[in-house]
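Two complexes come next, and they have one chain in common, chain A, joined by chain B in the first and chain C in the second.
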Partner chain A sequence: MNVDHITFDNVSRFYGEVLGVNRVTLSIPPGITSLVGPNGSGKTTLLNLMSGLIHPTEGTIHVLGIEPRDPRKMFRAVGYSTQFDSFPRGTTGRQFIYSFLRLFGYPSATASTMTAEALDMVHLTDAADRKIAGYSKGMRQRVKLAQAIAHDPQVLVLDEPLNGLDPLVRAETLNLFRKYASQGRHVFVSTHILHEVDMISDQFILMSNGYVVAEGQIQDVRSEIRDHPMQVTIRCKQPHGLASKVFEMDHVVEVRLHPDGKGVLVLTRAADLFYRQLNHIAMEDFGIESIAPADDTVKSVYEYLIGEDSAR
Partner chain B sequence: MMEKPAISELWSQLIAVVRIELTKTFFARRSIWIYLLALLPVSLFYINSIYAKREHERLARIAVDHSVGRDAIRSIRRGSTLQQVVQTVGEPYRKNSREFWMGRPPQRHERVTYYYTDGEVDFTFFFNDGVLQGTGRSGVRQSLPQFLLVFASVYQLYFIRLAIFFGCAGIFTNLFRGEMLDKSLHFYLLAPIPRPVLVAGKYLAGLFATAIIFSASTALQFYALLRGFDSVTVHEYLQRDGWHHIAAYMGISMLACAAYGSIFLAAGLIAKNPAVIAALLLLWESVNAFIPGSLKMASVVFYLQSLCPIEPPPDVNIPPALLALVAPAGRVGTFTGIAVMAALSVLVLAASGFLSRRLEINYSAD
Partner chain C sequence: MAVYKLTYKSYEGESTPAWSRFLVPARFNYAKLTSIRFLMLFMTVSMFYPIYGAIYVYLSANPSFLATMGFMPFEIDGKFFFTFCQVQGTLSYLLVAFISPSLVSWDISNGALQLYFCRPFSRLEYVLGKLAVILPLLSIITWIPALILFGIKSSISEWSWTTENWWLGRSAVLSMMLWCVLLSLIGLAISSTVKRRVAAAAVILCLYFGGAGLAGAINLVMGIESGALFDLAKVVETIWADLLRFDSGSSMTVWSAWITLAILAAICLWLLNRRIRSFEVIK
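For the complex of A and B:
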């Protein structure tokens, strides 16, 4: 068993007759892992299974070698910010985090210090002594995040953590995730904001109808999708010449001139071969300035595998 | 293989749960009705004691100038004339009269009411046309033993069966089910706290709260009851049985909270609608008086009633045939009563701890 991975071994979960997730097998290394998929695809079920809030109907789960049924070990290693937007009645942000930390068995002084640090990390110190019931959506998201990070966990599980955050706080939160990941920790994020997934993810998991449709690094997943030709954008000074040249290649199925007239979009069924051949073409005088894949994004993969309508 | 946690860690986690839950239970707005349930008999006894004391003082004041011997009053017979009554017991301290018409043709009549007192009881004589038609007595100062019987009846019929029952139902079922409905239970389950410790902590908090509320109410009921009597009577009672009675009833209240609490906590843990379980239990506990002797022992209220030091007077409304059918099972000893209630609480709590390991957060299904 890999003790620095999160592993799902043939995990299924049914709610009576209704499928939650089915035959999920994953081995997730440290770093930022994004979980994407349409509503009802099983993302939250997967997170709840991982954290022991629900139990699998079949299969086994280990988080850093710990079984989720062992909360004593599990939640010293895992911090989970759930999607539930509800809190114990009448508590302030500070009381909420402090009470949570006392449940770990921390002495009062230690819990107070850790509470202050967690609230500071999510920039909620000023509002710490106000009742959570009066918080905005973004503040409630931040206090949930503070609760998840307060005990300095090795694995951070976050269900839609960016919902309701303003752009500045969103950027700071993403930086926090990057910082955690750079320390060799797991940051497991369920989100539907796909362009942010591209920005931060080391790997991603795509779910649909309870099944894992794809998982791994985005470029690897994209290269496996053979039904859709790879798209490559080439910025150059002589797009017409370049277009006719690349169109001679057998594997190139389409070449489009860029609307600004300063480049072309090439659709190829053999990306590796195309890049090799492009090295020779680059020697000719087309004034090539940049070459970049145009569709190895989570959004593109999502569209290809799930469907355009579901991508948001 | 799971490592065994340190006792000190479990202890501090248990204390943390108790603290959080106590704050919620004691100061929650939804607990107000439980305080009202507990304070209702206190207020009734208190109001009664105030009334009885004032009435006694009023009659004693009147008796200073218009004192009448009880024997003299008893010697007066119906049919006596107004003059004969005045000759025997003197002028009343108060009288009133009114005229009325009756018969065919209508004839004028006069009804006169005379009031006498011996300083403790208010006697009323009703005269029609100067002839005594009837007597009445009010402001009867009940004796302490009579009052204790009233207390015993109120305690068994209202306090245990309704106040403590519903109070415990309100507090203990909410410990889990209330948080499921509030969608806030998951915060507990995201902490590294073994589920049985969470169950124990919540139970202790509920027990602490209900035991304080209802045993304090029991003590206050005694206070309210006794303040209607003079200090000598109260002192004598306390020296004889009083402290034992107070301690016993407070203990029974705590035991009732422990037993009902464990059942309602389990109900809140396993049932989506614990009110159904509470209703069934209430039905079973209510028909306890009407079921055959040995079956009575399968109810909480049987043991609690067995422990009560004062037996209330029998219910005169039960037909004799039914009374014979539902012959009482007899009282169990104090030790047995306490042991059975404690064992029930521990067993149900242990079962709840075991079941809590399977607890899942699925708010949409709740």
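For the complex of A and C:
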């Protein structure tokens, strides 16, 4: 067993007759892992299983080698932030973080210091002594994040942590995730904001109807989807000439001129071969400026595997 | 796969004892409760009868003073403590109806249970933490005054009175402790089941005061007497009377009263086990 990984071994969870997740087998390395999928796909169930809040009906889970049924060890390693606002009524931000740190057994002085550090990390120091009930949506998100990171966990499990954050705070939060990941920790993020998944994720997990539809690094997953030709955008000075040249390749199924007339979009069934052949074409005088994959994004993979409507 | 610098180090400092952590949630509940003036007023009023009882106990040991005032001498016996249990038992019920509704329901309606249970903190510790809020407050107006009254009587009487009547103190304390535990369970169970504070308080009060009406109706319609088992006050008074060796005139058998309380406690524990969970299935 890899003690750096979070592993799911044939895990199923049912709520009575209702399926939560089914036959999930995963081995997640450290880094930022994004969990995406439509509503009701089993994302929160997977997060709850990982954080030990619920236990699998079948299968086994290990978080850094720890079984979630061993809460004393488990919860020291995991910081969890729920999707919904969840706070004991009437507490201030500082009281909230402090009191939950005391549940870990930190002495008062240590808990106070850790509270101040966590609040500082999410830029809530000024509002720390105000009641959470009076916080804005963004502030509530930040205080939830603060309670998850306050005890300095090795695994961060965050359910929709970016909802309601303004662009500046969102950027800061993403930086915080990157910093955690760079220290060899796990940051597990469930989100609907697909373009941010591309920006921050080291790997992603795509879920639908309780099943894991795809997992791994986005380029690897995209290359496995053979039903949809890979899309490559080439910016160049001679798009008409380039278009006729690439269309001679057997594996190229479609070539479209870019609306601005300064490039082409190529759809190919053999991306690797295309890139090799493109090296030769680039020698000719088409004035190629850039070559970039157009659909190895989570959004594209999501659309191909789940459906276009769900990705919106 | 990226290569990560493994610079993470977990906390290796001192920890508080695991057994004491159940008191953490109680801390803020106490802070909130003690800031309510009505509660402080209620607690003060609840001490009137114990003070009256203390004067009564003192007078019982001064027959000459009673004769001077034209009163008949009287004894401190099971009847005295039974009346004490009735008065303080009713007040403690009202106290539970006031303080317990919000204890669990607010955590459930605010989704805070997940946060408690994704820490090294069990459901049992959570319930113990909530009991740690109710039980001390109940104790202040129930078994502690009973013990003090018995202590006063012992201190001003002959030693022989204490040796002959020690069971009286034991039974009074036991009666009140039993009541405190049962009330706490009822309060928490209803708080975990009924989300609205006012509705939860109403249910708690109905269970006590409505039970008499329900028992009377059942007895009247069905022509039986066992409907009294729905009257919580009657049930517990039967047990108190038995423990205090006092004839309360109840026709209920003691064992049926004990079984009724056991069933009620079991229902409360079942409700707590069902409701206090880290997740809620939204249908």
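In this text, the second predicted complex is superposed on the first by the 312 of 312 C-alpha atoms of A that agree within 3 Å, B and C clash if a C-alpha of one lies under 4 Å from a C-alpha of the other, contacts with A are read in each partner's own complex, and residues count from 1 in each chain.
The working rule: contacts are C-beta pairs under 8 Å (C-beta built on N, C-alpha and C of every residue); 3 or more make two chains touch, one makes a residue touch a chain.
Treat the numbers as computed from the prediction; the structure is a model and nothing was measured.
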Message = Quick check on the chain A-based superposition: chain B and chain C, clash or fit?
response = clash
Key: Partner chain in contact with A:Ser182 - chain B first, chain C second, else both or neither   = second
Task = For A:Arg69, decide between first (touching chain B), second (touching chain C), both and neither.
result = first
Message = Tell me the contact category for A:His55 with respect to chain B and chain C: first, second, both or neither.
response = first
Request  = Based on the superposed arrangement, let me know which partner A:Ser86 touches: chain B (first), chain C (second), both, or neither?
outcome  = both
Task = Check whether A:Asn279 is in contact with chain B, with chain C, with both or with neither, and answer first, second, both or neither.
result = neither
Query = On chain A, which partner's contacts cover more residues, chain B's or chain C's?
reply = C
Ask   = So, does A:Asn39 touch the first partner chain B, the second partner chain C, both, or neither?
value = neither
Task = May I ask you to decide whether A:Ser290 touches chain B, chain C, both, or neither, giving the answer as first, second, both or neither?
result = neither
Key: Part of chain B, among the options 57-65, 93-101 or 165-173, whose backbone runs into chain C after overlay   = 165-173
Message = On chain A, which stretch or stretches are contacted by chain B in one complex as well as by chain C in the other?
response = 15, 48, 51-54, 71-72, 74-76, 80, 82, 84, 86-89, 99-100, 102-105, 107, 147
Request  = Please name which positions on chain B make contact with chain A in the complex.
outcome  = 2-3, 5, 9, 12-13, 16-17, 19-20, 24, 28, 179, 182-184, 186-195, 357-358, 360-363, 365
Note = Within their complex, chain A touches chain C through residues 15-16, 18, 29-31, 48, 51-54, 71-72, 74-78, 80, 82, 84-91, 95, 99-100, 102-107, 110, 147, 151-152, 154, 181-185, 202, 217
Interfacial residue positions of chain A with respect to chain B in the complex = 15, 48, 51-55, 69-76, 79-80, 82, 84, 86-89, 99-100, 102-105, 107, 147
Residues on chain C engaged by chain A in the complex (per definition of touch) = 1-2, 4-8, 10-11, 13-18, 21, 24-25, 27-28, 32, 102, 106-107, 110-122, 278-279, 281
